[in-house]
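Just below is one structure, and these are the notes that go with it.
Per-chain residue numbering starts at 1, and chain names A, B, C and D are given in the order in which the chains are listed.
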Amino acid sequence: MTSAVAQQLWCVATLLGTTVLAIATSRSRRSTAIVYGATLAISLIALSRCLPVLVAGGNATELVLPVGLPWLGAHFRLDALAAFFLAVVNLGGAAASLYGLGYGSHETAPHRVLPFFPAFLAGMNLVVLADDAFTFLLCWEFMSLASWALVMAHHREADNARAGYVYLVMASFGTLALLLAFGLLSGAGGGYGFATMRAAQHSPSEAGLVLALMLLGAGSKAGLAPLHVWLPLAHPAAPSHVSALMSGVMTKVAIYGFIRVVFDLLGPPNWSSAVVVLVLGSATAVLGILSALMEKDLKRLLAYSTIENIGVIFASLGLALAFQANGLGLAAALAFTAALFHILNHSFFKSLLFFGAGAVLSSTGQRNIETLGGLIHRMPLTSFAFLVGCVAISALPPFNGFASEWLVFQAILQSPDLPQWGLKVMVPAVGASLALAAALAAACFVKAFGITFLGRARSPVAEAAGEVDRCSLAAMFALAVLCFLAGILPGLVIDVLSPVAQALLGHRMPVQASDPWLSIVPIEESRSSYNGLLVFVFITATASLAVYFIHRFASHAIRRGPAWGCGFTDPTPAAQYSGVSFVQPIRRVFGTLVFQAREHVEMPPPGDLRPARLKVEMHDPVWEGLYAPVSGAVWFLADRLNQLQFLTIRRYLSLVFATLVTLLLVLAIWS
Amino acid sequence: MPNLAFDIAHLLAGSLVLVSFMMLYQDRLYALLNVFALHAVVLACSVAWQAYIQNAPHLYVTAVIALVFKAVIIPVALHRIIKQLGIHRDIETAVGIGLTMLAGMGLVALSMVLMLRVTGTADPLAREDLAFALSVVLLGLLVMVTRRNAVSQVVGFMSLENGLVLAATGAKGMPLVVEISVAFSILIAFIVIGVFLFRIRERFDTVDVGALDEFRGERR
Amino acid sequence: MTAASDAAAWVLLIPIGAAAVLAALPGYRLTAGLNILASLSTFLAALSLFVLERPQPGHYLLVDDLNIVFIVLNTFVGFTTSVFSASYIAHEIETGRLTPGYLRFYHAMYQIMMFGMNLAFVSNNIGLMWVAVEIATLTTVLMVGIYRTHAALEAAWKYFILGSVGIALALFGTILVYMAARPVVGEGQDAMVWTLLINQAATFDPALLNLAFIFLLLGYGTKVGLAPLHAWLPDAHAEGPTPISAVLSGLLLNVALYAVLRFKILLAANPYAISPGPLMVTMGLTSLLFAAFMLYRRRDIKRLFAYSSIEHMGIIVFAFGMGGPLANFAGLLHMVMHSLTKSGIFYAVGHIAQVKGTQRIADIRGLTETHPVLGWGLVVGVVAIAGLPPLGIFMTEFLIVSSTFARQPLLAIPLVLGLLLAFGALMLRLTGLAFGEPEGNAKPAEASYVPMFAHFALVLTAGVYLPGPLVVWFQHVASLLG
Amino acid sequence: MVVISDILVQLVQMTLVLLLAPLFTGFVRKIKARLLRRKGASVFQPYRDLLRLLRKEVVLAENASWLFRVTPYITFAAIWVAAALVPTFATGLQFSWSADLIAIVALLGSARFFLALAGMDVGTSFGGIGSSREVMIAALAEPAMLLMVFCVALIAGSTQLSTVATFMASSEVGLRISLGMAMIALIMVALAENARIPVDNPATHLELTMVHEAMILEYSGRHLAMIEFGAFLKLLFYVSLIICVFFPWQITIVGAGPASYLAGAGAYIFKLAVASLLLAAFETATAKMRVFRVPEFLGAALMLGLLGTLLRFVSRSF
């Protein structure tokens, strides 16, 4: 009987083998089925092997392979935290593989997707398993690289190529930040093993620096503002099931890195570091969802919404840090569990939504929601699954998104126990911004679902759309069911997550399974409780009651007629509200401040038959405020220095001469 | 005798530096060549003197090479090139003479500062010699970077190399000196031939940067 | 004479003998084959050095742990390049860029160059080493100019002039070392023998050593391509035949670096001399940052990778400048990885330039579509050179950055900045070259892929798994470097 | 025994809100009419309207999907469940722990989410304009509401409405500035959420100014009845919430005798009457705002909620 970690590594090895297989069979027509079938099977096996570790909460198993850094070897370790993230990865992987079985047949360049897909999965699994800095970073970058290759699958579109470029540079930036963090953690002696780092003492300033670097490194991968700019470019560029993996799973792996270092390796946190995480998290949440609202590309919208959720998760982790720093173990466990729960939930519904977007894309060839509409009639099943995803991500009961956000809010309500005034005052403000983000998320997904699936078709392709294949639907419905189950049975999920909190924080939330009626009670019943199951039962019961009474006692008659347009019935679908017009009120309220949104009306002079046009001008504050100047500076310097390529030999000699004289002068002064 | 030997070596090395200075303020090519020939002659004397006092007959070979090759053949060849290319009238300094001289002073001062730190364990003759050699090397480089013309740059390079020979011969018992001086002569011959063959490259310092752009495959 | 000193001699004799034969023989197929054969046997001779017992260092030849790494690497890349060169030159002859007469010259020069480089490694005499480096330089100058085009001649000329100045500076440094050694070691040959020098370096005059090191650093640094002494490097890489670019980047830079390292060890052995670290760190960082910026505006594909070589030389010099077991280990490994990767890239680039008929980056697009093997080969190469895992350079950059940050946080920042900048530039160009709507000639390439993939396979293996004995070896060498 | 009585209370509560809701709206309308010196319709008119609508046939737009037909029931059910969980005359509802204040707010959010979707389903510009404005208002009202919840919860130490009411009814709470601010915030949110003046006008169908009515413009017959009923319930819910949180006097605490239940119910009816008077008076005295003034109005509510939360630390009872 091999140990749990060895089993996981065998799964990874099989995944890498699948990559080789994919290259070997790239000419074959059956390649798609073979590869996705294999990844589906492997993911499910890996999932089934890691869940026992999570539930049983057994001891961590370790393994050292004689690869990687020669004097260290590659350390792997499977503990509760790793098991949880492995579960997230492999669940997402399995769903994406299932979806890929159907969606992959639409792929125009399968040889650019199939080899990298299993490699990407393998990379994510390995990051979670790694137990020394070198292996961790190696796998981390390998994961980035594989996903980059997937982003570049449709490289002929200039936008995708740019997206891939920005992505890779940001990934590299993040890795370098992590590298520095690990350099600091390992010390000059090069103690790269996580066990060594865990045992070492870190001074407060060092710990602060490591945290900052982790925020840069893991944050850039996860999409923390202002390092998120690559995310809305890269995630949509990949094939949809890969987008789902990137958004739903890879960002979580980044968060895993953050948790592993900050909660596990760094030792007891400092409350001031929590402030930074809280501020960044809540700012990311609001900025992310506002950007999502302004977006009309469905996949980009989803990517921005990922940023929002990452913000929520980070805010929650910040709370956990704040409580942990003050020795409030129970509250810390609550916040931490809330973060983990949200991680799980987000991986469910974001994958589901990306699958839906992929279904729309493969059925209509469109990602721009302004050209869609009325798909609920033509893709009823897809639209139902997508609706479930929308409700879940909007944090509405009784679905899972609400359960985790509710826990976050409960954690925020523990803030009076914090001794620091700064935190006392700040945490409610964080709560306000999270509430704002949640409300805006609902608005955003009303828009996303409403414009895409409701109303009348805005283009011929939307008119001609059809339902997608069974595998895709099966993947979507599986996730929808998971969203629902996690929503009505949150207590069970919390109990599964508790060992992770116990292992990292030394505290856990109370056991929920024993509570009556399966409700969740974070602290005690008189303070707060929530029961998704009952809420669901109540709503169903009352709604059924209403339906019963009405159909029993009231009129059944239905007459179909044209929609009423106040006397101006306009048959063209263009008269409907568009996505841009839908968000106009919100754009006016928030956009003028955040995006410097301006509306210009171009009114043709009287007699001119051209239509009047309303133009909306928006600026991305992060890109224009941070990235454009940096890239401008780089190009400016590159231009300046480039003149050195065109000097004459005499000038080159002068350079040599000047260097010589300088060094001699230095020597004369120094020695 | 040791004192006299030292004084003469010192004198010769010192005059080499002086001649290097003379090169700095020549702004006509012919004059520069003549001064260089003088430079080579002084070097030959210095090397011969070292051969004598060190009792190292092989150094005479180096002295002869310096005399024949650098004081005669190369200047003559360069004369011909200048005539053929018709560039003898060019004023070819890139930096003003005054400034160059000042820089030269600075360089000599620098080399003195550096060399005088060398402790007395090294033999004083070598030490002084080396100080002058360093000055000559630096001045040679200075000539190279302040002249626009290929010919005068070759001259600068040769004077630099003279500094090396001075240092090498001053280092008592250094092996391979002759070989090195032969190798350098070949190198210089290559350069001269290069200048001669590729007339397009007659000027190191092309004003037209656009033309260079084109050559370097970096067209916009 | 033991067997090993024989082997060391063979490493020198085979190339020089082959050069004589190749200069005389006509015919392309025969000479190319012979060239490969000679390179292979040199490589085997170098490998045998590992197995055989080491001889006592003589006055001229020396085989120790440090140089054996270099020799084996050198002969290996020399061998693979000769394989690549065979298919590359065949194409050049077909298109008439090279005439058979020049071919003879080319192969002879190739072997002389190998001889020069090997000599530089095995020589136990700093004067001999200097001579060897110069032989290697001069032969490459001739090879760079072999196409006789305007640009090639200009590049060769520039290389020649700057190289000559470098030669002169290095010689002056060598003389200074001799002067420093003479009072201690005694006059004559002995004061130039490396093994004798290092034993007594502690008693040398520090001021002379300091001065010597500056001249040596600048002199050999010119060959290494350290900014701002680098000017010859990009043009020489771009305008010569691609096998020569590969050898220049992969090997010649190492030769000069090896020389710098030797003198660094010497200086480190003297407690009163300045520590060479700060100088090297400064030069390394300057080169890294400078090259990183220069990468952005490149329009010529070979120049692009030439600048990338400058960048990597900067990193290596930085690592050696930092010193310490980790950084030295990383520096050595980085050097090996860079040689393998960069020459591999040049193999790809050579064929790409041939099949596309241009070296302009803007004219080459979508390689992974038109020439999948070359295109993906290039992707792998650039990914490797940019320091992405699982390839070898990642490991070394990991070690360099993390160990630097733990010791000198402020130095790590420009280092990381430079790495990131260079990464951005390389990826920008790679995106244009390998991806996008294909442009230009799409006819299949007649290329030999074996050398390229052999290199990449080695780099990949090293990135994941380094054999234990090799590691012990490297660690020992790293400790030698201080 | 306690359980049975609690379930009983819960059932009574559910029926009570269902029955009272139209009456409350009718009462407000009547008072408004009287204040305007009109006679006004009977207070029972809302019941008649509902019955009339229920009897009529549904005219469904050709493009309407299943979502359009399901939404009225979902919204009705969600609002009813929410209203049923607010202690009106007695705390200790059997199921009040199944959803705390945050969950109740979210339940209303669910209702609005579906209603906004339904507004877009038919594909006319009116539905769109209504939905668009509705979500904008919600985007501000919901955080304001949650902040109010935070403020109250931080003072009461619980988000459980029964606990809050019990706590507020006890004598240990004095007047607190935070609570005052939270109350004002809640009232402002309530006005906005129920489409009352000055945010929206429930009585108008003037196309450019309407929000809620535009959204449900396509509904007719029994569907409209459910939506209207939902709106009545929602108004009652908010008033009950304000009463329960800020004026829980005489509310029956768990375990009290039957007499106290009667007293609690009586007090509740009385408080409702007062509230309707105030609401009608306020609506008569103010004018409707332009749509883009609403964000400022709600922003003020948000700020009040936040201020209330922050001032909690400095304001102890007077």
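FYI, a contact is a pair of C-beta atoms (placed from the backbone, for glycine too) under 8 Å apart; a residue touches a chain by one contact, two chains touch by 3 or more.
Remember, predicted model here, so these are calculated numbers, not experimental data.
Engineer: Treat chain A as absent and tell me which of the other chains still form joined groups.
Structural biologist: So the groups, chain A excluded, read B, C | D.
Engineer: Using mean Cα positions as chain centres, tell me which chain lies farthest from chain B.
Structural biologist: It is D whose centre lies farthest from that of chain B.
Engineer: Could you grab the centroid distance between chain A and chain B? Build each centroid from C-alpha atoms only and quote it in angstrom.
Structural biologist: Taking the average C-alpha coordinate of chain A and of chain B, the gap between them is 68 Å.
Engineer: Once you find the CA centre of chain B and the CA centre of chain C, what distance in Å lies between them?
Structural biologist: Distance between chain centres: 31 Å.
Engineer: Centre to centre, by mean C-alpha position, how many angstrom separate chain A and chain D?
Structural biologist: About 35 Å, centre to centre.
Engineer: CA centre of chain B versus CA centre of chain D: separation in Å?
Structural biologist: Computed from C-alpha means, the inter-chain centre distance equals 98 Å.
Engineer: For chain B, what residues touch not just one other chain but two or more?
Structural biologist: Each of 114, 117, 141, 144, 153, 204, 216, 218 in chain B touches at least two other chains.
Engineer: Which residue numbers or ranges of chain A touch two or more of the other chains?
Structural biologist: 645, 649, 653, 656, 660, 664, 667, 671
Engineer: Which positions in chain D touch two or more other chains at once?
Structural biologist: Chain D, residues with two or more chain partners: not present.
Engineer: Hey, which chains are touching each other here?
Structural biologist: According to the stated criterion, the contacting chain pairs are A-B, A-C, A-D, B-C.
Engineer: Would you tell me which residues of chain B are touching chain A in their complex?
Structural biologist: 94, 107, 110-111, 113-114, 117, 138, 141-142, 144-145, 147-148, 153, 204-206, 209, 212-213, 216, 218
Engineer: In the complex formed with chain B, which residues of chain C make contact?
Structural biologist: Touch residues, chain C against chain B: 127-128, 131, 134, 138, 150-151, 153-155, 157, 160-161, 164-165, 167-169, 171-172, 175-176, 178-180, 182-183, 187-189, 191-192, 205, 207-208, 211, 235, 238-239, 298-300, 303, 359-360.
Engineer: Taking the touch rule as given, give the residues of chain B at its contact with chain C in the complex, in rising order.
Structural biologist: 114-115, 117-119, 121-123, 126, 130, 133-134, 137, 141, 144, 153, 157, 160-161, 163-164, 167-168, 171-176, 179-180, 183-184, 187, 190-191, 194, 198, 200-201, 204, 215-220
Engineer: Which residues of chain A touch chain C in their complex?
Structural biologist: Residue list for chain A touching chain C: 66-71, 133-134, 137-139, 141-142, 144-145, 152, 155-156, 158, 161-162, 164-165, 168-169, 172-173, 176, 179-180, 182-184, 186-190, 192, 634-635, 637-639, 641-642, 644-645, 647, 649, 652-653, 655-656, 658-660, 663-664, 667, 670-671.
Engineer: Would you pull the chain C residues touching chain A in the complex into a rising list?
Structural biologist: Its residues touching chain A are 157-158, 161-162, 165-166, 169, 206-207, 210-211, 214-215, 217-218, 222, 228-229, 231-232, 234, 274, 279, 290, 293-297, 324, 326, 366, 368, 383, 386-390, 394-395, 397-399, 401-407, 409, 412, 416, 419-421, 423-425, 427-428, 431-432, 435-437, 463-466, 468, 471, 475.
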